[in-house]
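Naming follows writing order (A, B, C, D and E), and every chain is counted from residue 1.
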């Protein structure tokens, strides 16, 4: 299969994730969209890795997974603590800080 | 480079007072006044020593000192004085003890910071006149805003809204000007770095400009000129950059106002004379018509507005704007006579307006109001006060025999040689000056004694001690201006020599003028 | 690639494809049949252990009982609760059944055999990362369970689903760690490679600890007794599938039994020589060739299934905290340390400059030290926890829990007479006004904070 | 990377060479953090605070000693090409460590708030709940803050040193993730704090996703994430440059977010305001240093400044201008001092970007000089903010600060020094920094940037001075905030910050010299 | 991609079967409406109100999930190491010791701070 297609898929996923971050209001959904973006990057890395015939990209994907996992842990901790105090995970409800 | 750092010692002398004030034990803060007075008098003595050491016939810059400061940018701590700087330093060191004496009770019960700030301000004022490194000049030029800012904002008239408004306005105007100058200073450095070994040294730069080693492209020179000029125009308030001065001068304590108008603003005209003309002669020439228009407008506008004022201190501030217009006129007249007059005027204006401000301050302190309406018939209750006030006023309107007369005359004559129209319009300000000064005197001092004035005390000994030296100086210099011109003339001659575009005959004029003055 | 034309057809279907389809269908059929058999087997064996008879009516010895049950389930009403999230509720059983089948794709049933004159291995597909694939696919199965619990819109299934997933992921770690030792020895992740590497010795011998850990973990992983907490009838009714009926319920059931077979097969593949014949039989060279290995594999599988049933028949169910503790505080550290020990031994062997006689005391010493540390940790922990508990002010905590509505993290039904803070669905974009303990709303607090 | 590349081509495995000595500053920082976790696990609750603070300070000092020991060694790329240890790296690492030390002194402060530090007793407890009151009453502390911040410090040390994009990404996350958490742990005003953490996290993760995708594009372009290899491909293009441009743009967005440049600045004011003030100070100073270090390295090493100059310079210049305008204008309207300082941080990022866009060695040196002086001053400023307290924590609203100069002359004077420094008044370190940057920019031929910067400075002076006006020219409020008497640690921190701000304004030569010497050397 | 075709085939068979079952179950079974039947099951008492949209979630499980992630990632790194163990030699062993040690630090922390307590 032509590797370009994987890149297109990756770009689409990344764009979807980015749009989701900008449009969605629920912190968890926003967060999931960010994970989607990270995974789109992973897909791109792996595809390029295959195109270049080297394994670097796959190793990078490993590291990205680790980082994404750490991000999940931290992010969920924050979201849950916010949710516990406000009973809401909507980003719009987090509106105490304004200019 | 002289063996003993006379200038540095003079500059740093007030710091002795600051240290003394800082070391005062708790509860004895009131002693700061005496310490400050002592330190400022010490500085005065030292500056007189400098003047004595200064060889009138010698090279232009003397008492030079230079130490590497920031080698990465070729910045040096270098000081040195020519005649103009020297007389301005003398004026500063004279005014400071007078101001301290006059401000004896203006410290709002926080004497330590007040007098420390005055002394720090003196350090910077003396330093700025003595600096021969462009960067050092700039740093001090900007730095003295801070003590002045706190003096206006913390110790001025009551009514914090207006006071802090005036302080902020003062700082912002000057800071914006200063930042533009910073850009120009850096620009100058970047350009000069290529051809001048010591790109921040004023002497090196001036020499390079006059010898042609340092050549700016026309556009660059004009931009750099503008950067410097706007900063100086804000400082020496030239219409339309003047609006901070009436606010600042009227909100500050009389002492601060004296330093503000008497010394700080002189840095602006001093800077024009030294930096704009000598470093950017071509651009200065190109801009001269515009500058002259501004100067003339300032002169007339300041005078007209002064007439309309109801607040004494604002009135005096506006007279200063008018006078600064004249000084600028003299600076940009491109004649030696005009420039000598302008330099002389800087000193004389400092003394005359200083005395006027102080006396107004004494009155305001007694009455608690700066409104002219609130006074009347003071001369019957406090003849000494009225008498000194009249003297100061007359000197401000440049009555012959008083020192400002000489300088104003020289400026107008010098301008007339090349720009007669400007000079003629400038003359009208003399007429207007008579109006505002005499009318002010008439409204406050003569007539029936106002109720609130009836229990006025006359000047006490401290106040007399503050004012009398100034008036004495005005009279002495009025009759013997040569005391100062002997220092000023060589400096002007030498600087005009350096301005290559200046037509050669003006040099001869200047020499003649110098001779005639003697 | 060679394309053969099947007689009478014009279409070019490669043989390998046809073979794959055949193998796939066979695999599917066998799994379904095995499930039916295992259900019957379990009921009979448990009855036997409990001195009962068990199903014996439908078919010979009741063998068709499971089939009959399946038909009965298909004829029951398919109830979807009102509170349920409908699409997910439908999706969940499908999502849990498919991975169960898929996991089996890489299990080797035997060596190369000849089918219709074509040589092929008795394995659907031989992936180089076979074991990883199994782990990945079986993880997807967890989604089925969590989603089933969540979408039911009911308390017990939710708890059951979450508990179940917590349990599965907890034991998955121990399971994964136990595999690492196998990879270390085999040098590959391919299932067939691992089987091939066990030609000399089954890995259960050198990797005994790994094997034991895996066997424990696999029971936990399949939610089987004594680890069948998610379906603890006393606490949670039926667990995540409480609200499921009819064939959707049957699918969960199916998935569970297939998983049982899968993990057993994996155990056989990883530790018990795969399709290889056991020792005395392996002396006969023909035992590991042709179709015979499938027999050995099935026998081993049945033994494992029997062990599962045996456990269910004899052991009481663990409490949830005991169960999690076993997983986290025993299996994981033990397998990690074991892995390191294995690695050291292996490396020493590779280098070849170590007398094996020295090795055993070193390993034992290290293991003993480690156990001591663990014990110390646990003792201190216990002391600390009990201290903390004792010193807590029970009344205050109780009040806080009431207000939070989460009794220590779980939603709890209200006590009689207890007033519960009303939770109403809130329109979007308005600040929520939940009352916090000190009587201020968060919004108030926040605005206080801004002063 | 090369590990696997090697093993894929040849069967034999060559153990990578890791220069532990050259990595020691980072290793020490991460090691300290790890030790901190063990302390958290095994030390009795009462002693944890003391041990943690001591450990962190010792760790930072040891790491700094390692930096000093490395100073002067030849610039080299170590750890299989993933970390560059050169003049710039060591300078920035040293700076980060000094600033962290000062920041930790402020973070560890307990005397100002009834023997409690600035962090919630338990991060998980609901604000205002009985559980929280109980934990507070018992004096429990979230001492995890110290190891967390040490991890962050480690990440900051690695960030400007990273020589490939993967290492950079990992470092970016290592420095960000702990900060996200710590931001949400303020003892007072937890809701604000948690909101800040949430926003910081979401936007930070969003930007790091951009960074990563940019790295992926560059990997596709050059076949490697190593900056030097990318530079080679930029210099001698072998493929179309679409991937390069996309990659650089996305990468740039990620980095610009971290430095707080407009239009990626949205998080800054919220996070600065909501986070515990000592942490805000740390973040404002150290993160900025690390991020600018990384930015400079990506541009200089990765893009090979000269060849790709035309691609990114105009864009960066535009960003610098927008950043200065946004920072300057929005700061004018602020009533909260922390928020005001946040916008001022954006403004300062704009100044620094001027230095970044000029690619001369002078400009690099100017940036290197500006970073430490700004960092020290901003830490000092936030440290003063921690001292002005109300019943509900710090009184950050400007109106509450009226007349502070009279009630507490020393803190007010210190803050005035820092604010005047930000305003670029002569005799302060930041004035010299600005001078250096403007000079470099003019020499590099961008007078337009300098003009905007000058105008922005004037604007900035206005809002800095407003604070001074409020403090010194207004009469004190009758029920004004109290001024906490800090411990010797905070006093030291303040003294160091103020001294450095003034001393480096009067005698900047030494640091300028150091910056000049460090800037030229970039290991490639 | 050929390697995954068999998996796809098996997946199709299994998926087909599962979907077929679900649909069959819905079609073959009888439908007799009864209000109580469609309520959530709660052992016969009035069901507790369930906030719509999963408003409640037992937070403690979050901790388990978090721990799982840590160890799962550890496993991700262990597997390649284990497979390539023989060629990595002492270097690989030492690195893995360091790695596992680091994870153990986190593990000890979680253990000591009560993260491994369930009730």
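Here is the rule we go by: contacts are C-beta pairs under 8 Å (C-beta built on N, C-alpha and C of every residue); 3 or more make two chains touch, one makes a residue touch a chain.
If you want to know which protein each chain is, UniProt gives these names: A = NADH-quinone oxidoreductase subunit K; B = NADH-quinone oxidoreductase subunit M; C = NADH-quinone oxidoreductase subunit H; D = NADH-quinone oxidoreductase subunit N; E = NADH-quinone oxidoreductase subunit A.
The structure displayed is predicted, hence computed values, not measured ones.
Chemist: By the touch rule set out at the top, what is the minimum number of steps from chain B to chain D?
Modeler: Counted as steps through touching chains, the separation is 1.
Chemist: Please identify which chain has its centre, taken as the mean of its CA atoms, farthest from the centre of chain A.
Modeler: The most remote chain is B.
Chemist: Taking each chain's centre as the average of its Cα atoms, which chain lies closest to the overall Cα centroid?
Modeler: D
Chemist: Count the C-beta pairs in contact for every pair of chains, then give the pair with the highest total.
Modeler: C-E
Chemist: Taking each chain's centre as the mean of its CA atoms, which one is most distant from chain C?
Modeler: It is B.
Chemist: Quick one: report the Å distance separating chain A from chain C, using the average Cα coordinate of each chain.
Modeler: About 28 Å, centre to centre.
Chemist: Between chain B and chain C, what's the gap in Å when you average each chain's C-alpha atoms?
Modeler: Distance between chain centres, rounded to whole Å: 90 Å.
Chemist: When the centre of a chain is set as the mean of its C-alpha atoms, what distance in Å lies between chain A and chain E?
Modeler: Distance between chain centres: 20 Å.
Chemist: How many angstrom lie between the CA centroids of chain A and chain B, rounded to a whole number?
Modeler: 65
Chemist: Can you list the residues of chain E that touch 2 or more other chains?
Modeler: 55, 59, 65, 72, 84, 89, 108, 111-112
Chemist: Quick check on chain C: which residues sit in contact with 2+ other chains?
Modeler: 423, 436, 442, 446, 449-450, in rising order.
Chemist: Residue numbers in chain A touching 2 or more other chains?
Modeler: 77, 84-87, 95-96
Chemist: In their complex, what parts of chain E are in touch with chain D?
Modeler: Residues 84, 87-89, 91-92, 102, 105-106, 108-109, 111-113.
Chemist: Going by the contact rule at the top, pick out the chain D residues touching chain B in the complex.
Modeler: On the chain D side, the touching residues are 365, 405, 420, 423-427, 431-432, 434-436, 438-439, 442-443, 447, 450-451, 454-455, 457-458, 461-462, 465-466, 468-469, 472-475, 507-509, 512-513, 516.
Chemist: Quick one: in the complex, what on chain A touches chain D?
Modeler: Its residues touching chain D are 7, 10, 14, 17-18, 21, 27, 30-31, 34, 37-38, 40-41, 44-45, 47-48, 51-52, 54-60, 63-64, 67, 70-71, 74-75, 77-79, 81-82, 84-86, 91, 94-97, 99.
Chemist: Any idea which chain C residues touch chain E in the complex?
Modeler: Residue list for chain C touching chain E: 17, 20-21, 23-25, 27-28, 73-83, 90, 93-94, 97-98, 100-102, 104-105, 124-125, 127, 132, 150, 152-156, 159, 162-163, 165-166, 169-170, 172-173, 176-177, 179-181, 183-184, 187-189, 237, 242-243, 245-248, 250-251, 320-321, 324-325, 328-329, 332-333, 336, 339-340, 343-344, 346-347, 350-351, 377, 380-381, 384-385, 405-406, 408-411, 413-414, 423, 425.
Chemist: Over in the complex, which chain E residues touch chain A? Could you list them?
Modeler: Touching chain A from chain E are residues 1, 55, 59, 62, 65-66, 69-70, 72-73, 76-77.
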